[in-house]
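Some structures to go through are shown next.
Shared between the two complexes below is chain A, which pairs with chain B and chain C, respectively.
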Partner chain A sequence: MPVTTIAEHQVHVDAEGFLTEFDEWDPSLAPTLAKAIGIELTDRHMEVITFLRADYKTQGETATTRRTQAVGGFPIKEQFALFPGKPGKKMAYIAGLPKPKGCV
Partner chain B sequence: MSEDFVVPDFGSSEGTGRHLAIICSKGNLDMAYPGLILANAALGEGVQVDLFFTFWGFDMIMRDRADEMAFSPAGNAAMRMGNVRMPQALAPAPGMTGLATRMLKKQIADLGIPTVPDFLEQIVASGGALWACKMSADMFHVTEADLRDDLSGIINAATFIEMTDGAQILFI
Partner chain C sequence: MEVLILGAGTAGTMAAAGLRKRLPAGNRITVVDTDDRHVYQPGLLLLPFGVYDTGQIVKSRRAVLPRGVDLVTGTVEVVDPEGRTVTLTDGRVLRYDQLVIATGTSPRPDQTPGMADTPGVHEFYTLEGSQALREALAGFSGGKLVVGITEMPIKCPVAPLEFAFLVDAHLRKRGIRDRTQITYVTPLDGAFTKAVCSRELGHLLTERDIVLETDFMLEHIEDGKLVSYDEREIDFDLLVTVPINMGADYIAKSGLGDELNYVPTDKHTLRAEGHDDVWVVGDAGNLPTSKAGSVAHFSMEVFLTNFMDVVAGRAPTASFDGHSNCFIESGDGKALLIDFNYEVEPLPGTYPLPTVGLPLLRESRFNHLGKLAFRYMYWYALLPERKLPIPSAMSMRGKKQPAGH
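And then the complex of A and B:
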């Protein structure tokens, strides 16, 4: 995996640009990652990101939008508003997690 | 692009320009899910999705039927109990549909997959549109009052074909 510099952090990324090491992410990276995909990060975005990080730690995989609603309490409609177009993948990218694998 | 690192290409936030039309014509529980799962996946990828419910697919959008959809092993040669193929002679036995339905519902729930009504609610929240077939409504003597609140409308087949001009069409 190539190493790159994002917001003065040395991080490992895959070919698409997703961070590959859970522990290399910290919250100070989030605004830069968000901006790179056209999202101006707000506190509400960070609440979703914080849930995804915590959930990944216990589950070992990235929560789907369904799980982010059912367990995290963030309505699907709001997820689409916060992370337009492809919410599941965009949330994962900003959170420094792999793309969700679940179908639903 | 101003970043000096690789950024995933998520396309436009306005959507991909891709449009998927899914025609749901079956009222068996196991045949409800393929359309729902594909619709949900497409919406999550920024694809515009319209679902058209016709014939037995009406059970998916009827208030008092969606939770009662059932699965029968009859006529399903792939049905197995564990790893053993289930003899078709057993399939029509009394109680078999109820048993198979309970098993399927449990397996679906164990995977965190929503029930049919909840799944449709999620699809609408994700920007998908639900349409009911006018001919089926007339045939079954069904009005909008019998159907989900979040239905976009009862339309004829020609209207659906017109509104899905250029879309990819899936018939289930």
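And then the complex of A and C:
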């Protein structure tokens, strides 16, 4: 896995730029990751990211948009407003998590 | 010992047959299902095109279950995993020592506003739906035809793509393809999830002039159009939709499920997480592999071995690899074949052996014949749990890794 520097942190990323090590992420990386995909982070964005990080810790996989609505309480419509186009993928990218599996 | 199997579909029937062969006669095996109608589900895809009639794809559940297994007709209300009982909606209570959950996954059009009651909306995942679609297709004379997936995961994830290929061939044969625009709508970012496969299948859509709409998360359906959460709209005259798929409602009520009513399941042992006497076979669990009959089949040997280990007081010894294998009908009497597991995505090559076998990830008449022949295997070899000459674990023999992967 390649190593890159984001907000002065050395992190491991995959071919698409997703962080591969859960523990290499900290909240200070989020604004830089968000900016890279054209998102200006607000507190509401961070609430979603915080939920995703906590959920990943217990579940071992990235929450889908449905789970983020059902368990996290963030309506899918709002997820689309906050992370336009591909919320599942964008939320995971900013939270330093793998892409949600969605389908197999 | 009392063994209770919930669901007499593909997985439940195979589990009943396999357990009946292995457990001494004093152990009772009871299967619960809502009706006595076993549907050969791969047939539902071909029924709208007149390949099968209903009689070829429906049999009595009782008739395909082995002797020495009781079938109870009823709907499960709730499972009490602590008290080891299952209560049916009519009040009957069934006790168990080992429970096997095999109630699969079902299309839920009620979960999307407008899906159940808008004219021109069809599906092919139920017998009634598939029959109604056959009528609708016969009366279709051109216009906007949309094939759309609502949300993943779905049962038999390649089926909607197959439907798009088959309907393209069907309309060409009828001479109305040039009057029809076909659009394939998916919440995924490509034709399929796995990279190599998605690319190959994407080519097939392009070749057939089928428009691919990706990242479309359907919010609701109104007269003649699909509307996404980010307010994109797609018009249709005939919509062939795949509704959200969910596990049975009793799973949620029993506190055994995730947000889609799938039972969190150990992907290697096939035991329900946190419940040592509850097993999950077929589509009812949350295994990270396809929800497909082939997976139910390939995992059955692992389930049976582990079940027998546990009732003998041992730890489970077998481990499932996520092996899945699907024929993909591409129209005009041809099909592709894919073969993969938890770790290895579908690759080109031949199956099951390097020189003797069906071509993988490539259109061929042989694969189509394989798919047709499979209906006999299903009724006479798969359901009765007879040994097949194909190993359950996935093999790399015959597979080729494309450059750059």
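Note that the second predicted complex is superposed on the first by the 102 of 104 C-alpha atoms of A that agree within 3 Å, B and C clash if a C-alpha of one lies under 4 Å from a C-alpha of the other, contacts with A are read in each partner's own complex, and residues count from 1 in each chain.
The working rule: a residue touches a chain if its C-beta (ideal position, glycine included) is under 8 Å from a C-beta of that chain, and two chains touch if they have at least 3 such contacts.
Keep in mind the model is a prediction, meaning the values are calculated, not measured.
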*After the match on chain A, would you call chain B and chain C a fit or a clash?*
clash
*asked:* Just to be sure I read the superposition right, which of the two partners does A:Phe80 touch: chain B = first, chain C = second, or both, or neither?
replied: both
*In the superposed arrangement, does chain B or chain C reach more residues of chain A?*
B
*Partner chain in contact with A:Ile37 - chain B first, chain C second, else both or neither*: first
*Touching A:Lys89 in the superposition: chain B (first), chain C (second), both, neither?*
both
*For A:Thr65, select first, second, both or neither according to whether it touches chain B, chain C, the two together, or no partner.*
both
*For A:Ile6, decide between first (touching chain B), second (touching chain C), both and neither.*
first
*For A:Phe22, select first, second, both or neither according to whether it touches chain B, chain C, the two together, or no partner.*
neither
*Where does A:Lys101 make contact in the superposed view: on chain B (first), on chain C (second), on both, or on neither?*
second
*Superposition on A: which chain C stretch among 22-30, 94-102 or 238-246 collides with chain B?*
238-246
*If you lay the two complexes on top of each other, which residues of chain A touch chain B in one and chain C in the other?*
65-67, 70, 76-77, 80, 84-86, 89, 102-104
_chain A-facing residues of chain C, complex_ = 151-154, 157, 187-189, 192-193, 215, 217, 219, 229-230, 258-260, 288-290
*If you look only at chain A, which of its residues touch chain C in the complex?*
61, 65-67, 70-71, 76-77, 79-80, 84-86, 89, 101-104
*asked:* Going by the contact rule set out above, which residues of chain B touch chain A in the complex?
replied: 3-16, 37, 40-41, 44-46, 111-114, 119, 122, 125-127
_If we count contacts the way the header does, which residues on chain A are in touch with chain B in the complex?_
2, 4-6, 13, 15-18, 36-38, 65-67, 69-70, 75-77, 80, 84-90, 93, 102-104
